[in-house]
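The same chain A turns up in both complexes below, where it pairs with chain B and then with chain C.
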Partner chain A sequence: MAAPKAKETPAVDTRPLPEGGVWITAARRAAQARLAETGLPQRRDEYWKFTRPDELIDPKPPRAALFRGDVPEVFGTVDRLRLVFVDGVFDREASDDLALEWVRIERLSDVSAQDIHWARDLYGTLEARGQNPVPRPLAALNTAQAREGVLIHVTGRAPRPIHLVYVHESEVSDAMLHHCIRLEEGAELTLFETGPAAARFNKVMEVDLAARATFHHLRIQGPDHERRAITHIFARLAQEAVFKTFTLTVNGVLTRNECVIEMAGDDASAHVAGAAIGGGNFHHDDTVFITHDALRGESRQVFKKVLSNGATGVFQGKILVKPDAQKTDGYQISQSLLLDEDSQFLAKPELEIHADDVACSHGSTSGAIDEDALYYLRSRGIPEPIATDLLVISFLAEAVAEIADERLREEIIGHFEAWLERRHG
Partner chain B sequence: MAAVDEVQIREGVDQDTVETVRQVGSAYKHGWETEIEMDFAPMGLDEEIVRLISAKNEEPEWMTEWRLGAYRRWLQMKEPDWAMVHYPKIDFQKQYYYARPKSMEVKPKSLDEVDPKLLATYEKLGIPLREQMILAGVEGAEDAPAEGRKVAVDAVFDSVSVGTTFQAELKRAGVIFCSISEAIREHPELVKKYLGSVVPVSDNFYATLNSAVFSDGSFVYVPPGVRCPMELSTYFRINAENTGQFERTLIIADKGAYVSYLEGCTAPQRDTSQLHAAVVELVALEDAEIKYSTVQNWYPGDEEGRGGIYNFVTKRADCRGDRSKVMWTQVETGSAVTWKYPSCILRGDESQGEFYSIAITNNYQQADTGTKMVHLGRNTRSRIVSKGISAGHAQNTYRGLVSMHPKAKNSRNYTQCDSLLIGDKCGAHTVPYIEVRNNSSRVEHEATTSKVDDDQLFYCRARGMDEEEAVALVVNGFCREVLQALPMEFAMEAQQLVAISLEGSVG
Partner chain C sequence: MLEIKNLHVDLEEEDKAILKGVTLSVEAGKVHAIMGPNGSGKSTLSYVLSGRDGYRVTEGSATLDGADLLAMEPEERAAAGLFLAFQYPVEIPGVGNMTFLRTAVNAQRKARGEAEISAADFLKLVREKAKALRIDAEMLKRPVNVGFSGGEKKRNEILQMAMLEPRMCILDETDSGLDVDAMKLVADGVNALRDEGRGFLVITHYQRLLDHIVPDVVHIMADGRIVKSGGPELALEVEKNGYADIVTEMA
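Take a look at the complex of A and B:
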């Protein structure tokens, strides 16, 4: 249970910083200093107890074979604005025109030479705030080193969702993206992120929501199996802001998704949900940290994992309620379904509560398919593989229910079915 | 307590209730100190002190070496800092590691020879006279007639065990119940076999320190097939100032044996903090069962957070045999800082571990407590019920581990952690670790945090209770599942403690 905090030799990234204008250079330098202080994550760090960071900090990314199989178009039924990144590099040809009413979309690489930009107040700011009380060195590394990303400024209701498409074409790519998203008062935006991105992917997304802004985020990672990814979402919610994110992860030898949310304004609401399915050397880690620092905040964490054939699922979720965050409503559930003997589930669902008038709860369960439910289905003439699939899908349903749009829910369930089909071979 | 007088004049309240509330008093009731001449070892810690403690206990050479080995390991270890507790750095050289009442040097022959202050101490603590005689070390006191229900007591006053009751009767049943120093002399084969086999010498900083300097403690051996004829109990009292208490308890239940063991502790009220670092090892062989209950009521410090005991305890049970069972029950109301995780290693197939805990922190108390259930054997089962109550400026953390190893097929765990907050300056935290490495096992964990329910309070108030009584009643209801797991005598004491510990937390 106890892991010493002290590190003998903190590993530090020694690469020179990218060239840039005044504001971004200042932000990169500050991030570099944060990283120098904490060092890169190590196996002995308490926060990395269940996930080995070795392959994420290795100077060279391990080779990752490309997925050979049909990948249907994702979110094809939705009219959206697409931005395509191939192994972390923006593909202008494949992307749509960056014009959208109420929304200003820019590329980080285009504005980083400027000496002044709205993103100055956001780039690296939420990441820096998210370094306390637990350091997140790979996010600081990203702030210091990322050259590409999208800056989205929304002042009204975005007419179409924005879709970031991550294409993986090189077996040795090492991509880093840093996105900044700012929604002004009452603004609304839906963001999709899909695709395997790169052999190794480090992504940071900072989301700043002004009062009554609404942000929906839907992400699909995979299906390439041999990829490694570390992603961070840092979000700050002002009064009555709404933040909803759902991530589906299919396959991947190493994925760690961190989500750090600050409930800064009263009556804000944040829902973080995820479904992960994988087998073999699949390792999936969801690490969530929600800080309630205002009145009547509502937060929900719903995470489901289906693991087979030696896969590992990790969940580290924390709700921190600060002394004056009265009337907080915090809920957290993490569940895993282990389809065979060798798979494992490691969890640390944490509550830290300093206000008395709150209702916080968390639950965590792990186990095999319910024999009684299986028997019930089989006794009604459903063959075992189909009965198992039905139970797997129903297990994942609670997480999928977090997605507001019904069409998108259907599409996500389609991905489950595709994975189950591949599993049966 | 003004409330008591009001209660008295109310109709329909029975006299017992009034008495109970009165007894409970308004502050820590064990906060007095006995002025008694003590024999101290020099302050500080080095190899010489370790040798001296060993010599005072007339220990054999192997034991002295065992202690020295632990001491050398300890020098290389770092104090753990991962718990959610904050306290000034402890100067381990500013402590006495050995203190015993002078009068214990030669065993007194009758009550008249006993230092009356020692007797008065036990009387004040509410231990019956006959037990007092024995605890004071009077020879032959065992044959005096006993009243009521029998509980054998081993009392530890600062560093030494001052007496163990009912030894003869236990002996007839084949049960060995004595101080650990006596066990080292009289039953070296058992001690050698089991001491350090559950909590290894180098287990953690405080356990290693304890291994080097433990001065006394209790030893229990229940032979195969024997159901211990009475409850066994140890009473710990820290009296002397600046004295660390390091007791060591070793309980072995051989095949098919059963024993229930109670532990209680108090200390005087002082402005300076005192260190208590105990190690408890339980070994349950095939079909054996051990129940271990603790009411921990060390001095918690005053309302401003001055003084109090630092309670850094390592307790672990090894369910070594198949179908063995260990049940930990704890009521933690005392201590300024608590750091304690009674655990079960479920090694035997079908073995069972249970942990029931109430941890109450008030004023500036801090508690970081919980359990570890390590499932190694097949079909093993564990159950954790933890109730944390935090009031005033206190911080209360549940920290636990449930681990299912790949070979622990078909195992089962159920964990429930509930926290209650009283007041807006306190904190309640839950830090569970769950590691499931096979799929035939089921693990369930639930935790909630809330404040005292307004409706329940209103209901009680509407029936004429004052706010403090109402809170005590609601809290007792909240703790019910754990209180029920305690032996009868302890359950009564614990219920009262719940009420006292929360005093001054409302209004």
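Take a look at the complex of A and C:
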């Protein structure tokens, strides 16, 4: 059988920029110029070697069937401030009041007409910095084209987490959101993101942490299977800032989550973790780039993927240690559990170290279900599918353990176990 | 209750015969012990009965209450009432001991067409059984066998046995790696389960476990066969003279 001919994909984006005030128009124009320089990602690009960008750059998004199932909302037991987006469009009715002590929450569409705004210094700034040394054209595209998003400015300890709920209701939706989050000195915020969002979703989140600020991010993607998503997190950490992100992904034919972190201040700490599970045409890509540019930075990357029936998992993770970033402590592990021989895991761990007094390690493994453990569980009367689920939970545990808050950890595990159970019907 | 007839078993990978015609019958209410030198096939027998992969039965049969064990999946054997206490219990990181126990108890109930145990009843039951084995709440919360000492692992096996209430219990070298106190605790746990409806097959290399779990019948296994059977005194003979005499005498 002849291989299908590669579809012609556009090299540039020709859409006109959205209308807006002075600051955002300047940011959008700059992003458009960045994009014009790099062009859209192409199959031949080294950085897109394992993930085909075609469906992410096609002018028309591929159709995505909606997930019909009664899924209880995650974090339902947590007192939180909810903002709901349906296919990328803000749903005022379904959302809470945007009032939270120590926190100013605004929508990009509300402030983009203004000529001046605090987000001027952030919007597109970290994204632009993240284009070097590896271009991230779809993030520039987002900065240029996104009309909606949330701008969050935190000056103290946020009393409740903010929850961005992404509802998917249209089979042909093509959503773009651009969030900017700035935590001032010592400020604290926990952010949740859940839901499939759209048939195709392009999201950028820029997170700027001042000294001693703490930002926790928990995200759940899925369970819609046919959706496509490209997401970018750009974070900059000042002195002693703490950044922790965890993502659970179930299903999805194409997901690429990029996380670009700049350790700009001394003694900062960044933890990036992900657990993903899918089968069939599931394709999941975690691409991480952490730059240590200050003393005694600590970074961890922990990624686990469970793949079955021909699914593909990708991990591209890099730790770059600049010459002056002495005493850097960098750790990276990426592992896959392959439930059959048709699935594959492609990992590209990279260390680039220019300082001489650092501790950096990385590891990557692919393995099958442990037959001894499976036999042990089955010998206790646990049927094979359920025993396999327990071993999946066991495998993902190390990534889930990266969630610092025990209650939130339990919430995520509970949600995941319920999903596994529903899958067996 | 457990009937093993002329069981011949090969190791699949090496095409090597391990069991060469084992015949054994364990009646309800009785404790049988199998002793034998290393490599005699004792552990293989326990694996084959519980359904571990990697073995090929070439001849013979094994039934539990008349049901053909060898035709069942491991989980079906468990639901039928067979339990193996492992020589090397497996560590399952990230899965709580309680979750594991509850999943096992409910899976067996479901397989037998019984209703699932309520969370409250389960908790009460597991606490009561754990207490007798000196397993504390912390140990129940921890991931299955992870970071457990040798003695804790074996006690955890007996706890599973107590929770699952099997008809037929096989203990594979349960005494290995245990000091005297730990062994006594495990033996007490086993003895508490002894009753008229339940059979035991205790596999051990040394006689000392049998001081605490006193068997009705002792079998000596060598080179894949049972070469001698007798009363508890046979275990004492092994202790005194070693296996060499018996094995040579029978050869």
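Assume the second predicted complex is superposed on the first by the 405 of 425 C-alpha atoms of A that agree within 3 Å, B and C clash if a C-alpha of one lies under 4 Å from a C-alpha of the other, contacts with A are read in each partner's own complex, and residues count from 1 in each chain.
By definition in this document, contacts are C-beta pairs under 8 Å (C-beta built on N, C-alpha and C of every residue); 3 or more make two chains touch, one makes a residue touch a chain.
Fair warning: this is a prediction, and the values are worked out from it, not measured in the lab.
Engineer: Considering only the touch criterion stated at the top, classify A:D79 as touching first (chain B), second (chain C), both, or neither.
Structural biologist: Neither partner.
Engineer: Examine A:E93 and indicate which partner it touches, taking first as chain B and second as chain C; both and neither are also allowed.
Structural biologist: In the superposition, A:E93 contacts neither chain B nor chain C.
Engineer: Would you sort A:D356 into first (chain B), second (chain C), both or neither based on which partner it touches?
Structural biologist: first
Engineer: By the touch definition at the top of the document, which applies to A:G367: first (chain B), second (chain C), both, or neither?
Structural biologist: Only chain B is touched by A:G367; chain C is not.
Engineer: Give one of first, second, both or neither to describe whether A:R378 is in contact with chain B, with chain C, with both, or with none.
Structural biologist: A:R378 sits against chain C, while chain B stays out of touch.
Engineer: On the A-aligned overlay, A:A347 touches which partner chain: chain B = first, chain C = second, or both, or neither?
Structural biologist: The answer is first: A:A347 touches chain B but not chain C.
Engineer: Quick one: in the complex, what on chain C touches chain A?
Structural biologist: Going by the criterion above, the answer is residues 50-53, 73-75, 77-79, 83-84, 86, 89-90, 92-95, 99-100, 103-104, 107-108, 111, 143, 160, 164.
Engineer: In their shared complex, at which residues does chain B touch chain A?
Structural biologist: Residues in contact with chain A: 78, 80-82, 84, 204, 341, 372, 399, 401, 406, 419, 421-451.
Engineer: With touch defined as at the start, can you tell me which chain A residues reach chain B in the complex?
Structural biologist: 1-5, 46, 323, 326, 336, 338-368
Engineer: Which positions of chain A touch chain C when the two form their complex?
Structural biologist: 370-373, 375-384, 386-387, 390-391, 393-398, 400-401
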